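So, here come the structures, one by one.
Consider the two complexes below, in which chain A is the common component and chain B and chain C are the respective partners.
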Partner chain A sequence: MVNALTTATTERAAPRTRSAGPAIDGRARARRRQAVVAYLFLAPTLLFFAVFLILPLGFALLLSMSRWSGFDLGGIQPVGTDNFRGLFADGSTFLAPILTNTLLFALGTLVLSLAGSVVVATCIDNLRFQGLWRTLYFLPIVTTVVAVGNVWKYMYEPGGLVNGVLNALGLGSVAFLQDPDTALPSVVVVQAWASVGSAILVLTAGLKSIPESYYEAAALDGAGPVTVFWKITLPLLRPSLLLVCVTQLISGLQSFALIIVMTKGGPGDATNVAALEMYRQAFSYGHWGPASAAAFVLFVVVLLITLVQLWIFRRKGEDA
Partner chain B sequence: MTPAPRTSGLSRRHFALALPSTLLVSGCAAPHQGTGRPGDPIVLTLLSHYASGVLKEALQGPVDEWNAGHDRVKVQTKAVEFTDLLTTFMVRQAAGQGADILHPYCLWNGQLVQAGVLRPAPREYAEEIARGYSEAAVDSASVDGRIYGYPTEVQTYALYYNKRLLREAGIDGPPRTWRELEETAHRTARRDRYGNTLVQGFGLSTADDSTTVGQTLALLNAAGGRFVSEDGRSTAIDSPAGRAVFELEHRLVTRGASAPGVNVYKAFRSGQVAMVVSAGWWTGSLKALMGKDYRDVGVAPLPLPETDGKRATLSTGFMLGVNTASKNPRAAWEFLRWLNTEKVNVRGTTKGVKATRMSSLQVSAGSLTGRADDMRTLLGAHSDANLRPFLDALAYSVPEPNVPGAQQAKSLLRKNIEALWTGQQSVDQALRTTRRQVDREVSRSW
Partner chain C sequence: MIRRRFPWLSYLVVVIGAVLTVVPFLDMVMTSFKGAGEAGTLPYRFLPEAFDLSNYRAAMDQLDLPVLFRNSVVATAVITGSVLLTSSLAGYALAKLRFPGRNLIFRLVLSTMMFPPFLFFIPHFLILVHWPLAGGNDLFGRGGAGLTVSIAALALPFLVNGFGIFLMRQFMVSIPDEVLEAARIDGAGEFAVWWRIVVPQTRPVVLTLALLTFVHAWNEYIWALLISTANPDVMTLPVGIQFLQDYVDPTRTMPIVMAGLVLSVLPVLIPFLLLQKYYIRGVMLSGLK
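Showing the complex of A and B:
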């Protein structure tokens, strides 16, 4: 077994023993200078991350264990784990329905957008004018959430387009956003519709990277389109699917803009999600402590779910 | 390899230094408050919800007049929609960009004072406010007995009704009791064969916390109840009066006289709502938006559970106060005194009719001023009969509590009202849950 530390030390020490000392020293100095320059170039980015990521993260952690109504730093009162216990206390709505809604919203969005994007991307891959189709499906991404939310809200209204179609088919109207049983699924559909474009973009790129030889071999073996899809396309799309799954689920778990536009979390708490609740606690009620505690709980949930996804995909990858 | 010759232009090093510096400076820039040079004008910012329509124009008038007549202190208005006002105060304050003059809904005063946003009125201004305004208005602008600003408007709640829809249903006048209210609501309500609401008998709003809760609290006060206990540390809604209100609303929804899914504020002006409880400010926007159809709008005092009951309704308010972060508080108070205290001739009236600029702008926009004396003067001059019931209600209205957790209490009440309307909770559950949630969440901060 080679001792890496000894080897490294020997390598580092070796130049000093050689006769061409000044030349080697010059190179080392140049390397050090390069390293300093590299750090100098990195410094703005590191400073940016320190100021806008590490510092707020530390401050949020401090706030999650404090009571603070905002603005005056002298008014921060430490309360230990009270804020976290409050989130899970008897009668608190954070776990149910808020966190439950968050998970349902994210999972529902993921399932719908993933299924839709796989189907659409596969279709696009077999069509002419692929750029045009990709652009069309990407349009909801460049539209603001407020516009998307308001348009769909009007479409869902009792006298709106969707109910108009139902009525034309002889069916009764549905109170999509007013009925607690249909409100969350209705918003999930909109979120999935709005996020399908980016998934299609990733998946079509993934489809392009699958070598044509696999399909030619499958055709020679007489495989049908369904077999080709299940046995070749889907397995080889796995890296793209992983990316889509992770990013869509994270954005689903953090999402609140569409909900605030379409339902404001109602009726009751039927569509209330963690990010919306945090926003309200901090900016409407001035309860920065509970809001920060909720943010950390959501952070842990996102982290765990992402790790599980990575683990599942890696395992599948190894099996394959 | 030879190094590139130095040029006289911007080097990479300069660029690398200049870019973050520019970003830092622009990001940390405070709102424009004047140059700060001796002799240059101070610019005060005023943040309100008078963002559109008649109110925006009405506020801009006196501000322009002030700016034309004052060289040293200028005022700049900024406005956001009412539903974004509280979060805008909080976010801008957190970013160090709070406006000099704030125009908060009095419900938030406790919270804003607790967060150190509002500056108490200096003694001479506080005395002036206490002298010039009604007790309800002064109370709404006060926290723990200390006055924080000039009350700009006091809103009371009454029943708006569509005379045409009532007439078509064979009903002579507005209801006076809850039994009559239900009967009228059922007789005027209409739906098509697909279940779409054509006319709501009694409009129940889900527009925002204020409108949803305002209706329920007005009816609660009319039934002799109150939302918050005397000491402000718990809710008093789980009471016979609270149960009566929740049962009334539940019956109206389940029996089809109300359809909370419909935007009642749009539907009423297009003749699709027969009755709705709302505040006085609405007359101004209805008049502007309905045109000649406004003649169908009538306003009546809130119906009572029994004919011989004691009249009561809800009153809410707004005020103009000065930010603790303002660098020019003296100038800000000076402007507020000019706007709210100095009496001037009212435009478009006969000579001798005088009121404050704020009172004039409120009444011109179809709203109620916080100054009772101006209200009487101006209502005589601009006689919209629909404003009279709101003015009368000032005598018996119950002010909305403005303790520190008031906004959160209101949001929790709204959620439970909606859960009741949509069948997620029974009347009992809704009352119990409201009591438990409101007591638990707000007792710690009140």
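Showing the complex of A and C:
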């Protein structure tokens, strides 16, 4: 922008020496015109933000401190922090199992998909036809959650693929989604399976940025592949690992579409997570207040975990 | 070359992983061809006895596929078109025009990426219910169902995308100002500069953003579910198939559900395979999902 202005000034220098006044007026007018045009270009966006971002945020905050379950705006009753206290009251299922499930779901997904993607991404980096492999691993990402959830739900059935493999190995069938002990891990596996592809992409970009000369130097020093992986690849991959950790954990804490499709939170509350509970409170029971309060609590949890992650990675970066 | 050590081990790991990735899709396709009573029975068999196409017909009979397709296509097209247009316009203003409040608006755009979608489900729904002068509402948004019963409800909350604006702005910053200035001196207005010079130069990023938006909009489930619960006429393809799976006996209809899933996945899979390098670049840029 600065460049454009200086260019403009030099090109218009000649007329301005003759009459300084009108030229400055002209420049001010041009700038004003540019501002008007800019706001015209931004008008749809700003209008959208006003109606679908700022108004809803205020509305959600108001709802979280009100009792209201109908659609008549006149019926909103302010109740202060009652909704928030209700979430943490004795006998409330919000902390346990729901919020605990949310954390287990997000952490489990992150660990599985991170381990899988680091191994596969480093291996792909050694191979030919890298684009082909990456495209294959990417298929679950472009597939609707309804397809992913239903296929896996069917595969977990007694007559499905997973139990078929177990039976062929001489093992008994497992009631993956019906048993409260196995339901959450079973859904975690699917979420991790679906998100490995995008983690591979981010890590691949990181691997490509590691200079070949580091590997050559390590080879000259006689370092084995395991040493190379721990001492060179992993430390230099830290920025990409951070990105994967933050984005996967955030999306893990927020997601519930897969759970709606596969278990609807059951059996009991075994796979119920905060976003699903919020959705149910709001749209099954019409409890707008508690649901909005739950949404804000989850938002704060997500924000805190993200900040802690960034802080840990930054501190480690300084130590290294 | 130094990196290429133990290629056999790498091949083994990558191939096993690829099999684990692809097998569920193959199981979906195979099941979609299985006959009645052949799916979900013991012992499990991967291949169908005969490739039975009747499930596809049954899926089309049980679901109003033309309507589901229409709703999905309209919502996806409107969202994609709007996101491209608004991102390009706003991105240009933020990258190349000087005006008071520019930094503030840019920060607002960045902050939109921070708010989680679930925070907006309830207020967005209530705003659509109380939309003035729509669906029987009066000027103050009372009395009717508002926009929740209209197909517009599927698209409205997604018409502008903060990430799209950010992506466009970052790309447009690198266009040299001299080129734009030359066009302005030739008498082109800002709109002409944007349309004739900036838009053609941003074609690759437009394609990337179009693919990202298209895939997300087509696969959107939770919001579409909410809106179709209020009004089944605007049900989209994913919601319709989930509906079928929820309300009909699973052992009998599993092949039909799988046939429906194949039909719903194909419209995204084909453009993805054709243009995957742009889509993959977009995901690498954004670290999305």
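Keep this in mind: the second predicted complex is superposed on the first by the 269 of 320 C-alpha atoms of A that agree within 3 Å, B and C clash if a C-alpha of one lies under 4 Å from a C-alpha of the other, contacts with A are read in each partner's own complex, and residues count from 1 in each chain.
We adopt the following convention: a contact is a pair of C-beta atoms (placed from the backbone, for glycine too) under 8 Å apart; a residue touches a chain by one contact, two chains touch by 3 or more.
If you're wondering where the values come from, they're calculated on a predicted model, not measured in any experiment.
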Combined model on chain A: chain C and chain B, fit or clash: clash
Which superposed partner A:Pro44 touches (first chain B, second chain C, both, neither): both
Which of chain B and chain C A:Gly286 touches, first, second, both or neither: first
First, second, both or neither for A:Ser69, with chain B first and chain C second: first
Contacts of A:Gly268 with chain B and chain C, given as first, second, both or neither: first
Which of chain B and chain C A:Leu139 touches, first, second, both or neither: second
Chain A residues touched - chain C or chain B, whichever exceeds: C
Chain B versus chain C as contact partner of A:Asn167, first or second or both or neither: both
Contacts of A:Pro158 with chain B and chain C, given as first, second, both or neither: both
Contacts of A:Ala175 with chain B and chain C, given as first, second, both or neither: first
Shared chain A surface residues [contacts with chain B and with chain C]: 41, 44, 48, 71-72, 157-159, 163, 167, 279, 282-283
List of chain B residues in touch with chain A within their complex: 16, 19-20, 86-87, 90-91, 93-94, 111, 114-117, 194-197, 206, 208, 259-262, 405, 407-408, 411, 414-416, 418-419, 421-425, 436-437, 440, 445
Chain B-touching residues of chain A, taken from the complex the two chains share: 41, 44, 47-48, 69-72, 75, 89, 91, 93, 157-159, 163, 166-167, 171-173, 175, 177-180, 264-270, 279-280, 282-287
Of all residues in chain C, those that touch chain A in their complex: 2-7, 9-11, 13-14, 17-18, 20-25, 27-28, 31, 39-46, 85-86, 89-90, 92-94, 96-100, 102, 105, 108-109, 112, 115-127, 129-130, 141-142, 156-157, 159-160, 165, 177-178, 180-181, 185, 189-191, 194, 215, 218-219, 221-222, 225-226, 229, 237-239, 241-242, 245, 254, 257-258, 261, 264-265, 268-269, 272-273, 276-277, 279-280, 283-284, 287-289
Residues on chain A engaged by chain C in the complex (per definition of touch): 1, 3-5, 7-8, 11, 31, 34-35, 37-39, 41-42, 44-46, 48-49, 51-53, 55-57, 59-60, 63, 71-73, 116, 119-120, 123-127, 131, 133-148, 150-152, 154-155, 157-161, 163-165, 167, 193, 195-198, 201-202, 204-205, 212, 215-216, 219, 225, 243-244, 247, 250-251, 254, 256-257, 260-261, 275, 278-279, 282-283, 288, 291-292, 295-296, 298-299, 302
